[in-house]
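Dropping the structures in below, format is structure tokens.
Two complexes come next, and they have one chain in common, subunit A, joined by subunit B in the first and subunit C in the second.
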Partner chain A sequence: MKNLPDLLEAGLTTLQIAVLSMVIGIVIGLALALIRMHMRGPAKWFASTWVELARNTPALFQLFFFGFGLGAIGVHLTPYTIVLAALSFNCAGYLAENFRGGFQAIPDTQLRAARSLGMTGWQAYSRIIIPQVFRIVYHPLTNQMVWAVLMSSLGMLVGFRELSGETQALASRTYRIFEYFAVTAVIYYAIVKFILGASRLLAARLFKY
Partner chain B sequence: MIEIRGLEKYFGTLQVLKGIDLTVPKGEVLSIIGASGSGKSTLLYCINALEEIQAGSVKVDGTDVHAKGTDINALRQKLGMVFQQWNSFPHLTALENVALSPRIVKGKTKAEARDIAAKQLEHVGLADKLDVYPSALSGGQQQRLAIARALAMEPEYMLFDEATSALDPELVGEVLDTMRLLAEEGMTMICVTHEMNFARDVSDRVAFFHQGVIEEIDSPDKIFGAPKSEHLQKFLSNIR
Partner chain C sequence: MEPTISFFSGLQISDLWYLMEAAWRTVLISALSITIGTVLGVVFGWILYEGRWAAALTLGPLLDVFRSVPLIIQLVLFYNFAPIIGLNLDPFFSGVVILGIYCASLVANVARGGMEAVSRPMRRAARSLGMSYWQDLRYIVLPIGGRAVFPSWVGVALGVMKDSALVSVLGYIELLKASQILITRTQEPLLILTIAGAFYFALSYPISRYAASIEKRWTS
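Here is the complex of A and B:
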């Protein structure tokens, strides 16, 4: 199949957008979890609504919101931005809930001990609390990463040439639809296996305790 | 010197400290005894501002702990604290547990912090455990690790909140020995404790807490030999 390099390149795009949306999702998800735990009023309402919408509506609708929804009020994003925004929105919502569980699993005494040593709140969270939370949510985090890869295939519906979009484009030109999508499925499978393997290696390096 | 004046503390509507007056001069070892729920831990938390207060004041070397402008993170470096629950940081080795705050709070270099940590771990008898994670340490060793971690900040006062009461009986001795050692070295210490022998042998003074007030405070001889308050007499006879 002479288009294999194109597909592999699109596979990289898929991996890249999934990784990027995870990074954004982790940062926002942490913030949402902390806001829900420690703040009141509009900030808490905003964070809770985000989490509820991300978790309880179809990912496809979330994608269409950033595509056609914003388009309808005159905000036109590129397909890449639409997919990145939708995936990040979704990841942040799911991860916020995981992070919240992680924070609750850390005894209060850890924070007290850290503060009693003279650490600022920020130091205590960044050095003591959050590293422990990451261990607790590590598996859900890995699952979310896999989910982000698979979910990114929806990108073809807003014209984004990630792996599925590329496959669709090539397949429709050649009419060998089944073959193309079979190869693509194998590539998805390989990406997911790669992520799971990398995650295991990283865990062994990070968590020695 | 730690000076506490008219200290009152509420949790919601529950008044836990009902006007505490207490002065602890440099070099003194003060033990605090009293029934569960009488407010002993809460008093320690008010001294280093882990809890807010509703009335009165706490001064450490003249600095008002609870005043608005006070740099509490700087002040806490003077006040080492050891808690009842062992709270070693599980994701850090023993050495990293101790070296972290000298580095990030005091701004020591990595090498300096390492040296300080190694020295303090040796001080508490953990010289052979530097690279071990807390999960591989016994409760007694974790408590000594917590002491080393506090000492690494070079505090001028040490606050112990029942440092031995979560330990298996056979591990209590090693932690008390470490506390004795500190007392002999001249550290100023406030020790909330249920270990009456420790309170008697090591303290300069003993304070008896009852329902949020210091009901009696005196030398160990007087407290244990000739208790005046009825509550204290009852408390002591229940223990013996």
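Here is the complex of A and C:
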């Protein structure tokens, strides 16, 4: 097991790509949710299509689409970009639905009150509405983060060397498939537990009042 | 003069039929594992609900493992583990086993949530009316708790249906694997992937819409 450092390093890659895709997913998801709620015409159609496609097709299909599908029309991405794009696409779709639920849970009167205090629409959203929405969707956000880590394991199928990909590479070099994947399973479990624990600590700090 | 041998050929009508067949296999493996997973999951959920600390110490963490390790790793592990203990499983069977357990670990939480959604006084009332414990479960908890968690159960089931695409890693030819095979032959990834995606969408979207409408009807 002298390859353990390699695996742990690959675990960091997994964590990194999951965090990155979550950040992108949150930004796009927020935008999609707002577009779906407030706009009409092509913008709304586009946002709805994005959300429904992300939610109703397998993540692996989305990954293949970004990998092989775009490759066919001449857009060649590196494995890293493929995984990042597919994960962000998926996360944005799921998060948009969460955010929509969060927005709907906040009464309209809050927005009107903020506006009548002289805030601009932007101020009202960024200072009053969105912080509250984040509190409501905090738990789903944590779950989505875990899903992002688990989904990034699909990267192994497009040749990306994150935790699973690295494991597969090592396993096929040594023919110790079961052993390597068992270790990897433990690492994934540790990562997920770490995320859940960290999010609980963060919640205790953020939402103490 | 004979043209040089062509390895690639265009998409034909028969290929569409091939995809249909593969889609049917996706439905088959999903339906089987969702059924197994739901039955197991409800039993697990009941154990978690009734078993208190004993279950919380044993079954809870065990199910947690299945939820915290990527499905693809579970599949590869199980597929390579089975021969070690002397079982020779085909990809379909391995897929059903792992998908079933995975589904059960998710359904267990849903089922427990459903049982918790039925208030204690209501259950005590049922027992005071002379119902046995099982009658209470069957006629009180199942209809009320089941209704409360039906939408999340549909979500889990659809998730398992989509995750069944991962069984392709073991070589089971379901929808996504079939599209991969066709892509290798026809070299038209965009078109074929679009068709495969449309199949998945057609399977998943109506059900999720239906569940959403039921949820709306039941909550109002």
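Convention: the second predicted complex is superposed on the first by the 208 of 209 C-alpha atoms of A that agree within 3 Å, B and C clash if a C-alpha of one lies under 4 Å from a C-alpha of the other, contacts with A are read in each partner's own complex, and residues count from 1 in each chain.
In this text, contacts are C-beta pairs under 8 Å (C-beta built on N, C-alpha and C of every residue); 3 or more make two chains touch, one makes a residue touch a chain.
All figures in this text were calculated on a predicted structure; none of them were measured in a lab.
Peer 1: With everything superposed onto subunit A, say whether subunit B and subunit C fit together or clash.
Peer 2: Fit - subunit B and subunit C, as placed by superposing on subunit A, sit side by side.
Peer 1: Could you figure out whether subunit B or subunit C reaches more residues of subunit A?
Peer 2: C
Peer 1: To the nearest 10 degrees, what angle do the lines from the C-alpha centre of subunit A to those of subunit B and subunit C enclose?
Peer 2: It works out to roughly 110 degrees.
Peer 1: Applying the touch criterion given at the start, work out whether A:K193 contacts subunit B, subunit C, both or neither, answering first, second, both or neither.
Peer 2: It touches subunit C, and subunit B stays clear.
Peer 1: In the overlaid three-chain picture, which partner chain does A:I177 touch, first (subunit B) or second (subunit C), both, or neither?
Peer 2: second
Peer 1: Going by the contact rule set out at the top, does A:V27 touch subunit B (first), subunit C (second), both, or neither?
Peer 2: Neither partner.
Peer 1: Figure out whether A:R135 sits in contact with subunit B (first) or subunit C (second), or with both, or with neither.
Peer 2: Once the two structures are laid over each other on A, A:R135 reaches subunit B alone.
Peer 1: After superposition on the shared chain, which partner residues are touched by A:T57: those of subunit B (first), subunit C (second), both, or neither?
Peer 2: second
Peer 1: Touch test for A:T120: subunit B only (first), subunit C only (second), both, or neither?
Peer 2: After superposing on A, A:T120 lies in contact with subunit B but is clear of subunit C.
Peer 1: Does subunit B (first) or subunit C (second) touch A:M39, or do both, or does neither?
Peer 2: neither
Peer 1: State the minimum pairwise Cα distance, in Å, between subunit B and subunit C in the overlaid complexes.
Peer 2: 24 Å.
Peer 1: Sort out for me which residues of subunit A touch subunit B in the complex.
Peer 2: Going by the criterion above, the answer is residues 107, 109-110, 112-120, 123, 127-128, 131-132, 135, 207-209.
Peer 1: Sort out for me which residues of subunit C touch subunit A in the complex.
Peer 2: Interface residues on subunit C, with respect to subunit A: 65, 68-74, 76-77, 80-81, 84, 158, 162-166, 168-169, 176, 180, 183, 188-190, 193-194, 196-197, 200-201, 204-205, 208.
Peer 1: Quick one: which bits of subunit B touch subunit A in the complex? Just the residue numbers, please.
Peer 2: Listed in rising order, the residues are 45, 48, 50, 73-74, 76-77, 79-81, 83, 85, 87, 89-91, 100-101, 104-106, 133-135, 146, 149-150, 153.
Peer 1: Show which residues of subunit A lie in contact with subunit C when the two form their complex.
Peer 2: Interface residues on subunit A, with respect to subunit C: 52-53, 55-61, 64-65, 68-73, 146, 150-151, 153-154, 156-157, 164, 167, 177-178, 181-182, 184-185, 188-189, 192-193.
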